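Note that the chains are named A, B and C in the order they appear, and that numbering of residues resets to 1 at the start of each chain.
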Amino acid sequence: MEQHNRFWRIALLALPLAVFGLFVVWPLFSSFYYSFTNWNGFDANYSFVGFDNFAKITTDRLFMQAAINTTLWMVAAIVLPTALGLMLALLLDSRVTGARVFKSIFYLPICLSAVIVGQIWTWIYQPDWGLLNTLVTQATGEKFKYAWLAKPDSALWSVIVAWSWQQTGLSMVIYLAGLTAIPGDLLEVCEIEGASPWQRFRRVVLPLLAPSTVVVVALSVINSLKGFDILYIMTGGGPFNSSDTLAMHMYNESFKKYLMGYGSAISVVLFLIALAIIGLYFRQLRKVDRIYG
Amino acid sequence: MAQLQLSDLRKSFGPVRVIKGLDLDIADGEFVVFVGPSGCGKSTTLRMIAGLEDVTSGAIRLDGSEVTRTRPADRGIAMVFQSYALFPHMTVADNIAFGLHLQRVDRATIAARVRDVAETLQLTPLLARYPRELSGGQRQRVAIGRAIIRNPKVFLFDEPLSNLDAALRVQMRLEIARLHQRLGATMVYVTHDQVEAMTLADRIVVFNDGRIEQVGTPMDLYEHPANRFVAGFIGAPSMNFLPVRADAGRVEVPGMAPMPLPAGKQGATELGVRPEHLALAAGTDADIAGEIELIERLGAETYAYVRVPGLPADLTLRLPGDSAHTPGTRVALQIDWTRAKWFDATGQVL
Amino acid sequence: MADTRPQPRFNPWPAAIFTILCVLAVLFLLPTVGVLLSSVKTTREISMGELWSLPASLYLGNFAEVLGNPAVHQYFLNTLLVTLPATAVSIALGVMAGYVFAKLPFPGSNLLFLVIVAGMFFPPQVILVPLFRLFNGLGLIDTLWPVIIVHSALGLPICVLMMRNFFATVPNALREAAIMEGASEWQVLTRVILPLSLPALAVLATLQFTWIWNDFLWPLIFTQSDSKRTIMIGIVNLKGQYSVAWGVQGALSLVASLPTLLVFLFFQRFFIKGMTMGAVKG
């Protein structure tokens, strides 16, 4: 039996592992290698430059800008979709009429491409006839023509709002799944013990949603690290790099300036940040598992 | 029809030895039941016979030819699983015929044999149903149907009745007994329920901690257990164990007057008496006295749990169903000394 | 609970919640509705600030323009040529590896499983440069191959995760019963386990299809000529051609999203389930 199992293990795992190894694991390690070179993407000749690329990172003003933006993006990503998603989930969990339709509406954006989402929101922010300015114009009675995406002050936040619009549905369904998993008898205990709705939420529901929160927060953070497509469409990282993120910066350095060695160094930093977050996530998940298993 | 032989069978999972050397001969057409507490190795042994679990060392022989490393399907063995293991996406007919389909038996033959099997198991009206639409007993019969259609040499049952309710369990027990009578096939049956073991088995194999404690017919094990483990495991409620001190031809039992030690019982440390071998007695005949602490009424019979000063545990006593005793009553008990067992410090019967 | 009380009092909460949800739903729908509206309006209407009002008449010229554009046909074809094989391959690989992790575990298999699943969380930018160099060396840049291959590989973590978790719910006894009946491992997989896994396969198919169809990064990196671009890149490319033809852009967005919208509408249950399963079990 064991012999038979061994054969099938190898037969079934060979192809998936080969694909994963060749196109995911190996490139990952290659990235480390390239981050120590000055490869430009085309020349067969390139040289080993040691830690030069990493030294450059510390003095790269644009990298710092991108790092700050990525951090802002992460914080906003934790707060906005998580809070909004939780609120929607709680509202929908009360078995309101049409809950299924509402759920679909809030969830719909997630199935749209970042390209489409970017385009939709570009129109909302459009200075001449965009929805936002139209509304402001109607409210104030004065012609309002603010170019949301073209101003360094507002570009990043405008994209973050668009991105939150897309992500909220995801945290909503995760919270909804968490809510349905709360045993009904626990809520009945609250009823019998005379807890107010707020007490019930604060002392029972919210703590029991801890596993969902861990998942939502981790996903938001990880997705925000990946933030690229929607920025590329809406601002391209501009104006004046005011909405650059690390992923965007990495792309620009590698594929616009053809500094692939330097781009790899940025991606290594990105990888290390992701690794730290995943580590935290799994640790937190295990802690949560011990209580809620 | 087959004769099954296990020789010095051993199994380890890494450093953990779960089966520590089994020798067992099962005769053609015999119904053998493996019993023992959970984790004793009875299921692992059954799975080794099936070929689902590798044998670490030792041999399994079927009709004299070794099958220790043979693929499960080539051993000519059928197995009925505890969970029935019916394929939920197949109808009853497809479930029963699964093995024949795999062997590419032609459709007409399959249909005919499925009809036969369904007939014997009263499954004919259910052939087009899916497992989800069946009751527990019907699922059990489908699982048996899948086993018998291939005319296997040996049937293996892995706790097949444990998922059924009490009434159905009795009914299916009878059906399995009838099946054995009709097919006359060799059957190996694993259970932790000793009533199933007693009623079904030609011979019972008592497992404990990866070893065989004793092999024998049901009455043999009941009357002549080889050791304290078998004595305690066979029979319900369990045998009462009383600590004794045997010394220079005399024996002291807490709560009893000292008495002469019967011949051949030197070194006894424990006395075993079954609940049915304790009787109420009038003053002078009594061996031991105590106070009834609890009464359990089962209808046909009643169990009384008697607190005796000096004994570590209550004595279980079997009384007639209409017994009028109530908790708190003081009773005097007489032991049927001809059926009492004496155990030495290693647990062996003296 | 409330409805078992003898005298039910008037409860304002359901009505209030319903109202709040309606307002939020409108806010959430507005952006999408905007695109919908733009697609049936003329460029003139839109630039005069008429985009956000209900249209007086349906103008279908935008759709005619989009559907008549041969470049759009090419983009669509390319996207299909990437999405269908990559979806199928990633799921097939996920089934194979997931089966081993669930039913044929070995020492260290859990660690291997975790390593693969962790791949889901890494920013794809990390492997951008080496992959570009690899496919460049193979002469595959500006073909659809790298896009297909990378999507198959990057889909593995989620596919392995979901298939393993699903297979783990299938009782081992089913596999053993099939083996006792003479089934080979391949027959166990194809005749017993896979037919039972249709829901999980549907979940994965919808997820993978949507993600690959919507992807922007990989075709951007690996393709250059217009004839190899996928629809999401195509939208960006056509922005130049239809620079102020907002209505055409709107129609194009709708057409490009149509396959995923249809998948979403018809398989929403699977889709949501997949998102939560993938997220929660990760």
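One rule holds for everything that comes next: contacts are C-beta pairs under 8 Å (C-beta built on N, C-alpha and C of every residue); 3 or more make two chains touch, one makes a residue touch a chain.
Every value quoted in this text rests on a predicted model; they were computed, and no experiment measured them.
Enquirer: If you tally contacting C-beta pairs, which comes out ahead, A-B or A-C? Let me know.
Expert: Taking the two pairs in turn, the one with more contacts turns out to be A-C.
Enquirer: Would you kindly say which chain has the C-alpha centre located farthest from the C-alpha centre of chain B?
Expert: Farthest by centroid: A.
Enquirer: If you average all the Cα positions, which chain's own average lands nearest?
Expert: Closest to the centre of all protein C-alpha atoms: chain C.
Enquirer: Roughly how far is chain B from chain C, centre to centre by C-alpha average, rounded to an integer in Å?
Expert: Each chain reduced to its C-alpha mean, chain B and chain C end up 55 Å apart.
Enquirer: How big is the gap, in whole Å, between where the Cα atoms of chain A centre and where those of chain C centre?
Expert: Centre-to-centre distance between chain A and chain C: 16 Å.
Enquirer: Express in whole angstrom the distance between the two chain centres, defined as the mean CA positions of chain A and chain B.
Expert: 59
Enquirer: In chain A, what residues contact two or more other chains?
Expert: 4
Enquirer: Multi-chain contacts in chain B: which residues touch at least two other chains?
Expert: 51-52, 72
Enquirer: Going by the contact rule set out above, which residues of chain A touch chain B in the complex?
Expert: Touch list, chain A to chain B: 1-2, 4.
Enquirer: Across the complex, what residues on chain B touch chain A?
Expert: Against chain A, chain B makes touches at 51-54, 71-72.
Enquirer: Which bits of chain B are touching chain C when the two form their complex?
Expert: 50-52, 72-74, 77-79, 81-85, 87-89, 98-99, 102-103, 146, 150
Enquirer: Which part of chain A faces chain C closely enough to touch in the complex?
Expert: Where chain A meets chain C, its residues are 4-6, 8-9, 12-13, 15-17, 19-20, 22-24, 26-28, 30-31, 34, 39, 41, 88, 91-92, 94, 96-98, 102-117, 119-121, 123-124, 128-129, 131, 134, 165, 170, 173-174, 177, 188, 191, 211-212, 215-216, 219, 222, 225-226, 228-229, 232-233, 247, 250-251, 254-255, 260, 263-264, 267-268, 270-271, 274, 277-278, 281.
Enquirer: Within the complex, which stretch of chain C touches chain A?
Expert: Residue positions touching the partner: 1, 13-14, 17-18, 20-21, 24-25, 28-32, 34-35, 38, 46-52, 93-94, 96-97, 99-100, 104, 106, 116, 118-119, 121-134, 149-150, 152-154, 156, 160, 185-186, 210, 213-217, 220-221, 232, 235-236, 246, 249, 253, 256-257, 260-261, 263-264, 268, 271-272, 275-276, 279-280, 282.
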